[in-house]
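The structure appears below as structure tokens.
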């Protein structure tokens, strides 16, 4: 069967459905059950829409839809291919789980302004799916900006001084890089090619620009999508951890940061083209930057006592894996990167859920306070263990596959140094995760607060984190 | 076009303008501005722009001086610079 | 600040003078401004077009009547703006802080009274002459209106503001000013309603038993009268607002 | 021709009076005296000059010229009317302000005020 | 005859010079006012001269008339001003500044 | 009657202004409905005109029936028609908005206010639709005089600001007039197109006096539009004016002057002369770069909300001047499109500032504290305006910036591109500072706050102020999303001038 292109409104709907859900969410703001009902409804519809396109994509087809021409030769257009599909699937399925979790978390903590929280959550998801399904650079940029802005109220949900500082850092990094780096790069490409900037599998830049221009553009894009957290543009991520945990979980382990990585992969593959990049030998430099980020962030993570911050630095490192995988410019590396988006999403969201659950049940934020907590919250800590296994890349969870492909990619490309970097970093990952688990289960609690009674967090939260932990294990059985 | 008148008038205009700027007493400056307007009117007339001269005569002699005096009356007679 | 101003003036002056070499000779009848078809057309065709011998009036009130309409509006605007800024309604005399500085009742002066009684009617008569005679000699609505307004100012100066106010109360000022512009713009609107372009007076011959060319001439007179109304009213209004601390009570 | 000569004579006489007025304004010691020179001299000279020019207009006796001559005489009449009045008003203003008239006995330093 | 008027005009202009001097030097405001008043009358004379030179006195006479009528208003306004303002409150008229 | 539509754009507000001056003193209630009716008529007429232009090409309307160059004409092409629509629509929106503020701020001068208001609109429209260089000056005077009056009707400090404005504005207008005078000396004509034809036909473009005329006109217009070193009148004038006034002046006056600059450069002097023969692009673009940066930075230093916005206008003027002088097709398109979008953006934020002032009586930025809770709709509209000023898609600010940057890259003026991007970032900082204050309060609580203070009552501004604001925000989005037809009209105009 030859690959064909279908025209369908479904991708647009898939993106819009959560945006439309904002209206009932705001309207029923005073009735929490109804409001969250709509959130779930939108989530399921979204997942359904995404799933409905899955068979078509698996058959090797693509779906396209052009909304309207917004600048001559340049339109708001949607396109679904396999890569976008993976991302959309991950994001939309995790949204439902996160909604479940956030019901438990937000109600458990009696947070304020929950309506605002749910509505902006929905908008962010809309933007995420939009990024996944966008067909050209302009659409991508549009949704990328929308995501940055829609997550701002979520990051600063607590409306206190700390939140303000975090929010400031967040916006400063994201907006300055996107306006300062991506936008000019975008316009420059548009001028050089004069085309519609549609992503094509082989890239469309080759032949239009020279080597030095390509280098500049590449750097502009790589650092411009600062959501990917490549050093030195990473420090918004730990700062943004002031957000409520569901936000950190979904947005800063899945949606936002993965959007950054996703955009970079899209640009490398769809705009520059792997061949073009490898001809010019531009990948090596990026791999070095990524390798540096990986090692540094892992080392920083080791020193963090705040659990969420440790997770955040771990995320920075893991994102750099994805970048490194792409920058290897080999098929295996690329596959590894794409898989790592999904695998890491499940693993890291579990970890965040656990951190949130611990905070909600005990009010503890710091790792040093969590000694012996496993006796009190066994399910949570088991899920945490599974999640960390996935992130470290041990062969009991989904993370194994992606790491495997990444390693394979380095080997097949002969980049042994990168192999060593990956291995060292995996060891470091283990070093900053497993002590937590170990202490949780095998050390005696210091304070009387930890009675040997099992006292988990809000049931919704526990269900959610179990689901994602199971998901991580389940992903082991999938091979792409 | 009478070149002699032209010359004299232009010189006088410049002199009057400088005097009007130099004087610190605003009432005097107002009156000197009136002289400037007389000369201006003569200048227009001498160049043959009769309608303009007439307007200058009607406005400059009758009305604008009085307006300026009224303004000085209601504000201050002292110039700050 | 003064030095900056001086430098700016010098630069501007130098810039303006630097182009002088380029100019046509002073008073050259063949310079573009004089010899070009525009001026020639006005000189040769004005009378046949409009039957007004004074071509300046014809250019002002007909060829470029739209400009003149808005020049009248400039004066109107100035008056309204001054009323808007300065006029203080109500009777509380608190803010007339400088009233001590003024001698309240200026002495009556018989000589000035008598002269003004003699002069004011003549000035007004002359103003009317200037308005009406604009077709043939320099003059017209602006000048006539200014002279007419000046006569009221003279009245206020010779007696006091109240006397002049009696002749020309504030309400009447505004009415006069508005009516003046309405006369002018109304001529234009009438043309527009009858089917021609705005201010194309020739169509007005349908209303009166005259030829289109005469219609232009007569309309110009009407327009000048409108201008004169506005200018008269606004001139006095500005004076009375300025001089009376915006209370219309006492002044110079 | 005779008209021209009369006209020239009158105008020259007027200018002579002007010279007097100007000298007075330039040289007289205080403001009352200066005003005196200006008011008197000017009124006279304007009467003479305008009379001369009005006559000059009549070299062709037509209605239009007569009108113009009449207007010129009117101007002279008005100036005769207004000039003394304004002089009077100004004089009065100065007097009420307390400027004392100059007399020979005052010292030079005070004479100017 | 035109030449005569030109010379007469120049003479009147020259006679304006002392007046300008008086205006510039003062010493009192009223001195300046007087000089301005005189310049006003001279202006109307000059206008008539210019009209005679051009041979179109009928045109110029109108605004010479305007001058004659309106010059009065300015002087009167200034005089009224001086009458109305208390001597001790105002900027001294007696001073020679500059 | 349709062929009279260009005249009606101007005549509707004009006649109503005079009528209000006549009867408004006695019947105060009649002013507001009359204003609305006349402005609606004007909007309809301008839209009609635009459609006629699209159908028939350039419209010419001879006033008094005299063909140019003997008489005055309205000469309307795509550019004028668009700008005229912008003016009338902004005036209508502000007109609705003015209902309460005028009664509150100038209760005893309602009729004078509305007279001046409508005359200002008439003046601005007249400047835009006229095809005569001197007529433009006359209407420039009308709009300046009315705006002096409108600003000075504000509170005490407005008077001094107005005085500064009068001085600068008069100098600017005189410069313009001098320039037109020089052109008249050289060409003997006042009609814009005729001047151009004479300049080309008589081969006058190289002469010194034409260059002086060009400089004078440009500098005069720069003063009126508050281009950077000549901007000092603007901030105080706009900050201390009555709220309605500043929300009418801020969007329109500077934009119309930029229109005049474009008209003079493209129609009167022509593309070849302006960009090729003179070739001052480099200098002017550096000036605009400085304007953009200094305007933005000075805006950062302000604590007065409206003053901050006023400094932003200065930066925006830099955008447009730079865009025009890029001598590039997309730069010109961007500049013209920015006229439209900036008018509405500025309108939006100034309406917001007016509402804040009306609600709190405070000029300071901190007055917006807690607005998210109290006035969510107002804040939403403001955020749209702010996003547009920052340049976030899909608001119209993004697209104008898109074209401007495109022009900058195309013509190789990277400094302009960098300035644009930097100023976007500074705008982002500026507006997020306000949003933060509105969201967190001026001094948020320390530590992890779960402060469940009682929800403050919702108290939106009255509908007559809120609806215009929301309309403006909606317009911003609409102009941005459906920019294509507008861009097409502008492109047609720019291509017709021969700019490449």
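Every chain is named by a letter (A, B, C, D, E and F) in the order it is written, and numbering of its residues begins at 1.
The rule is simple: contacts are C-beta pairs under 8 Å (C-beta built on N, C-alpha and C of every residue); 3 or more make two chains touch, one makes a residue touch a chain.
Fair warning: this is a prediction, and the values are worked out from it, not measured in the lab.
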{"item": "Path length in the contact graph (chain B to chain D, fewest steps)", "value": "2"}
{"item": "Chain occupying the most central position, where position means C-alpha average", "value": "F"}
{"item": "More contacts between chains, C-E or B-E", "value": "B-E"}
{"item": "Chain at maximum distance from chain E, centres defined as averaged CA atoms", "value": "A"}
{"item": "Between chain D and chain C, distance of the C-alpha-averaged centres to the nearest whole Å", "value": "31"}
{"item": "Rounded Å distance, chain B centre to chain C centre (Cα mean)", "value": "19"}
{"item": "Cα-centroid distance, chain A relative to chain B, in whole angstrom", "value": "77"}
{"item": "Residue list for chain C, restricted to those that touch at least two other chains", "value": "112, 119, 122, 130, 138-139, 143, 147, 150, 153, 157, 252"}
{"item": "Per-residue overlap in chain D, given as positions that touch at least 2 other chains", "value": "78, 82, 85, 89, 92"}
{"item": "Chain pairs in mutual contact under the definition given at the outset", "value": "A-F, B-C, B-E, C-D, C-E, C-F, D-E"}
{"item": "Complex contacts: residues of chain F adjacent to chain C", "value": "4, 7, 11, 14-15, 18-19, 21-22, 25, 61-66, 69-72, 106, 108-109, 112-113, 115-116, 119, 123, 126, 132, 134-135, 138-139, 141-142, 145-146, 148-150, 152-153, 159, 175, 178, 182, 184-189, 198, 202, 207-209, 211-213, 215-216"}
{"item": "Touching residues (chain side chain E, partner chain B) in the complex", "value": "6, 9-10, 13, 16, 20, 23-24, 26, 29, 32-33, 36, 39-40, 43, 46-47, 50-51, 53-54, 59-60, 62-63, 66-67, 69-71, 73-74, 77-78, 81, 84-85, 90-91, 97-98"}
{"item": "Complex interface listing, chain F residues touching chain A", "value": "387, 390-394, 399, 402, 405-406, 409-410, 417, 421-422, 424-425, 428-429, 432, 436, 439-441, 444-452, 481, 483-484, 487, 491"}
{"item": "Complex contact set, residues of chain C against chain F", "value": "12, 15-16, 18-19, 21-24, 31-39, 41-42, 62-67, 70-71, 73-74, 76-78, 80-85, 87, 89-90, 171, 174-175, 177-179, 181-182, 185, 189, 192, 196-202"}
{"item": "Chain D-touching residues of chain E, taken from the complex the two chains share", "value": "1, 4, 8, 11-12, 15, 18-19, 21-22, 27-28, 30-31, 33-35, 37-38, 41-42, 44-45, 48-49, 52, 57-58, 61-62, 64-65, 68-69, 71-72, 75-76, 78-80, 82-83, 87, 93-94, 96"}
